[in-house]
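In what comes next, subunit A is part of two complexes: it sits with subunit B in the first one and with subunit C in the second one.
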Partner chain A sequence: MALWGMVIDLDRCTGCQACVMACKAENNVPAVGAKEAKRGRIISWMQVLTETDEEHHGEKTRFIPRPCLQCDDPPCTKVCPVYATYRNPDGIVAQIYARCIGCRFCMAACPYNAKYFNWHTYQTEKPGQNPDVSVRPKGVVEKCTFCHHRLQKARERALAEKRDFDPNDYVTACAQACPAQAIVFGDLSDPTSAVSKLAASPRAFKLLEELGTKPKVIYLSEGEGRG
Partner chain B sequence: MTRGALVRLILILIVIGVAVTWGYWTGLVESGTTQPIQFPHKTHLDLKLACTTCHYRAEKEAVAGRPPTALCLGCHMGGDTQSQEIKKLRAFGETGREIPWRRVWRLPSHVYFPHRVHVTIAEIKCQTCHGPMESLTRPPEAPLKILAMDDCIACHEKLKSPEGGGKAAAEATKMAARRISLDCITCHR
Partner chain C sequence: MVEIDDLHERTLLAPIAHTGRGFYWAVAGLSLLILWGVLAYLVQFSEGLGVTGLHQPVSWGFYVTNFVFFIGISHAGTLISAILRLSKAEWRRPITRMAEVITVMVLFIGAGQILIDLGRPDRLMNVIRYGRYQSPLLWDATSISAYMTASLTYLYLPMIPDIAILRDRLGKRKLLYSVLALGWTGTEHQQRVLNRAIAIMAVLVIPIAISVHSVVSFVFSMTLQPMWHSTIFGPYFVVGAIFSGIAALIVAMILFRKAYGLQDYLKPIHFRYLGQLLLIMALLWFYFTFAEYLTGYYGAEPEEMKVFWAKFTGPFWPFFWGMVLCNFIIPISCLVSLSRHTIGKVLAASLSVVVGMWLERFIIVVPTLSFPRLPFPQGIYSPTWVEWGETAGSFGIFALFYLLFTKFFPIISIWEIREGREGVKEVEERLISYLPGEIEEKT
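Coming up: the complex of A and B.
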């Protein structure tokens, strides 16, 4: 069984937000409107966090694209009282919207703020949305699923064409959209995959690693040129 | 409570009961779907046509859909006909319009059911979920079978755990794990 993971090279990231927009379009992520945004209710499964350099204040900004980190030991799944969020055999942390009761325990448990709540019905089904992803109703928590529907489609295609599934057939929308190729996606259980090789780099680090969440989104820190 | 008040209460309850029942039944009758053409599935399937002859998208895509008018006209174009329904079909063809079929089967939007793998790989008979469509002489007004999650799970569970043990079973389980999943996110999206 594959173990899907992602490597984000912070040296390559220009903060262009292409991944953010690609994610929103792919996953029918709603625009909540100005009023809701002011209340901190923006939904953005992929978010580019910014961090200003303390030494060179106002001169340097670091961009950290943050999807759901798909922890291998996710804190969010442990608190869900209804098994609406869980880690599936592929290592993807799934969210079953039909099962979610909107208690938001998982949001409180997630140290990365990667989960979002639908405070209102932000959108209804209409043409132009991605038919492979449902429109979430009011009162449920939603999150990045590593574009799981793409994995499913790729598997189905392989089955229909009577061939083995090729991991290269599956890529997330954010990785596909990144013009700087800062986001690399693949199978972490395969040591020959590009993502595994990058993850073994000395530049590799994980966000809040000390919490023991074992995220499968691995960052590559900025190189020697910085600072 | 006086006798008069009790009688009044009972009368009010009767009126409410009648109104609710009447509303429920009219709602049910109106919810029936009427199609623009009274297509007889039986006639076509008696001619030994397969379901996928017309619903060909079922073998290629997630949604089976209804066939385009051009496909119907492939057979119904030439010759004289007494049938009002075929005349209606030709009228749609002449104006170049698609027949405005109304969708009868609709799964909840959070359910992902790909026809392609169920038809081509699993080779499940259409009737398993759709009921005895081959016996219909006119389009169904409502789905012949109401599907619940248990229907999906029952089939997936049955196929996932092969009987017996040993290497063959382990191999079958491995194959099944790839193809027939009980993982929630496989069907819930």
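Coming up: the complex of A and C.
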């Protein structure tokens, strides 16, 4: 069984937001409009957080692209009263939009604030949307799914072509779009995969690792480019 | 004796038999509040929760605060009344009914807050269809529904003899009272069964009440969030709940005392005793608050300290220090000496505590969400007219239901007052039995 994971190299990230836009297009993430954005209601499954470097205050800014970290011990799924968010057999933390009651307990419980709420009806089904991803109604929580529909598609294609499923057929939209190749996606259980090798780097760390959530998104700290 | 009983009966039945102009004014005023709430909810239902001031990361605000607050108030009743009944405090007799009614009314309002807070209220039944017992919200649902059942029973049982009086004496609503009286005639057997049932319910209701506010606190403390993830939260919430409950009870008692002329029943001594109880709870509340904040401060974890300073000196300082003022400084200074102006002072302290406990709930819910661990753009939560409307409407519904209750049933238990007067001798004997032998000879 594959263990899907992601490595994000902070040294390579330029903060260009290509991953954010690719994600929005791939997953039908709605644009909420300027008024809602000003009220702090932007939905961005992949969000580039910025942090001023403490040592070089005002000079250097760190970029931290933050998808859902797909924790292996997710604090959000435990608190969901209706199993609308759960860790699925692929290890991906899934959302069932049609079941979510909108209590927002998972949002309060996620230490990474990776969950977003549809405060209004932000979009309806329209041509031009990705048909593989359902459009969310108002009043439900949504978040990054590691482009889970791509995994399903890759499996189906392998089945149709009567061959074994190749983990390399599955990649998330953000990883595919990153021009600096800062985002690498793959199977963490395969020690020969690129993602596994990077995850074993001495620069590797996990966000808020001390909370014991066991995220499957691993970061590579800055260092080389800094001198 | 019979004449006095008759007189009391007439005084206590008066609000049910006759309705003055004040009642209609009160209903009109409360209806306006409720109308505001209904309007707000209709707008929210059609537009979505976006009409509130909630956003990312403050996804819980007024509604969750109100939920914790109202459920807290519900501890007034049943718990106080059960403890006083079990400890055979004779002064409880005119108070218990009022307390129990608060519990039942406010529980429904409190549980309703969660429904208002849901993004998809139409899917509420999913909680039963797909319920995940690992979620503290399911614990809440279980505990609160058990408490509703228990407190409703506990309110109803001691009402049966009074409903029989209504059936026999009052000209109107004959059918309602006959059905509810369950054929009560006051035989010795019936009385024995009733007293036993009340005693059982009084014992049962105490652990249930404590479980309710413990699991309400678990909604917060089971998460990993700074200043929520605390082992003290269960007892801290229960103490706060009883504290605010007593305050709400005192306010209701003083209002009805004035409105229905119950000065003869609710005497300054009752308020002095309840005031002292409130004083003790204020000290206990302060102790818990002190322990909670000192632990956080001394450990000085950076994430905890972000929220800590936001409360002490940051954007939430008016709420935090307002809470300290309302929950500790004002009640303590009002309640230390109650020998003069008892009722005025107790009322001032109680109103202050009701406000202070609401602030306490707010200061628990919102600041933690406002300061996420990761570097997020922060926005300060400010409620819109919708949230104010819901809150006003909730208070309105509570007050209106309470008022309507007093128009259908006596707000002071008639038979328990009578039993108290008839039992003076019995109480005297009981008191004597507490004392050492030789004093018995002296008297």
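Side notes on the structure shown:
Quick note on the criterion: the second predicted complex is superposed on the first by the 224 of 227 C-alpha atoms of A that agree within 3 Å, B and C clash if a C-alpha of one lies under 4 Å from a C-alpha of the other, contacts with A are read in each partner's own complex, and residues count from 1 in each chain.
Everything below uses one rule, namely that a residue touches a chain if its C-beta (ideal position, glycine included) is under 8 Å from a C-beta of that chain, and two chains touch if they have at least 3 such contacts.
Because the structure is a prediction, the values reported are computed rather than measured.
Subunit B and subunit C, once both complexes are superposed via subunit A, fit side by side.
In the overlay built on the shared chain, the residue A:185 is in contact with neither subunit B nor subunit C. In the overlay built on the shared chain, the residue A:4 is in contact with neither subunit B nor subunit C. In the superposed model, A:89 makes contact with subunit B only, not with subunit C.
When the two complexes are overlaid on their common chain A, residue A:108 makes contact with subunit C while staying clear of subunit B. Once chain A of one complex is fitted onto chain A of the other, the partner contacts of A:64 are limited to subunit C, with no touch recorded for subunit B.
By the touch criterion defined above, A:160 reaches subunit B but does not reach subunit C. In the superposition on chain A, the chain among subunit B and subunit C reaching more residues of subunit A is C. Draw one line from the C-alpha centre of subunit A to that of subunit B and another to that of subunit C; the angle between them is 90°, to the nearest 10.
In the superposed model, A:219 makes contact with neither subunit B nor subunit C.
Of the two partner chains placed around the shared chain by superposition, subunit B and subunit C are both touched by A:99. Nearest C-alpha atoms belonging to subunit B and subunit C sit 13 Å apart in the superposition, given in whole angstrom.
Common to the subunit B-facing and subunit C-facing surfaces of subunit A are residues 99.
Interface of subunit A with subunit C (complex): residues 36, 39-42, 49-51, 64, 66, 75, 78-84, 99-105, 107-109, 111-113, 116-121, 138-141, 207-208, 211, 213. Interface of subunit C with subunit A (complex): residues 47-50, 54-60, 114, 117-121, 123-124, 126-127, 129-132, 134-138, 141, 219, 222-225, 369, 372-377, 379. Of all residues in subunit B, those touching subunit A in their complex are 108-110, 112, 114, 116-117, 120-121, 177-179, 183-186, 188-189.
Partner subunit B is touched in their complex by these residues of subunit A: 1, 86, 88-89, 92, 94, 96-99, 125, 132-135, 145, 148-149, 152, 155-156, 159-160, 165.
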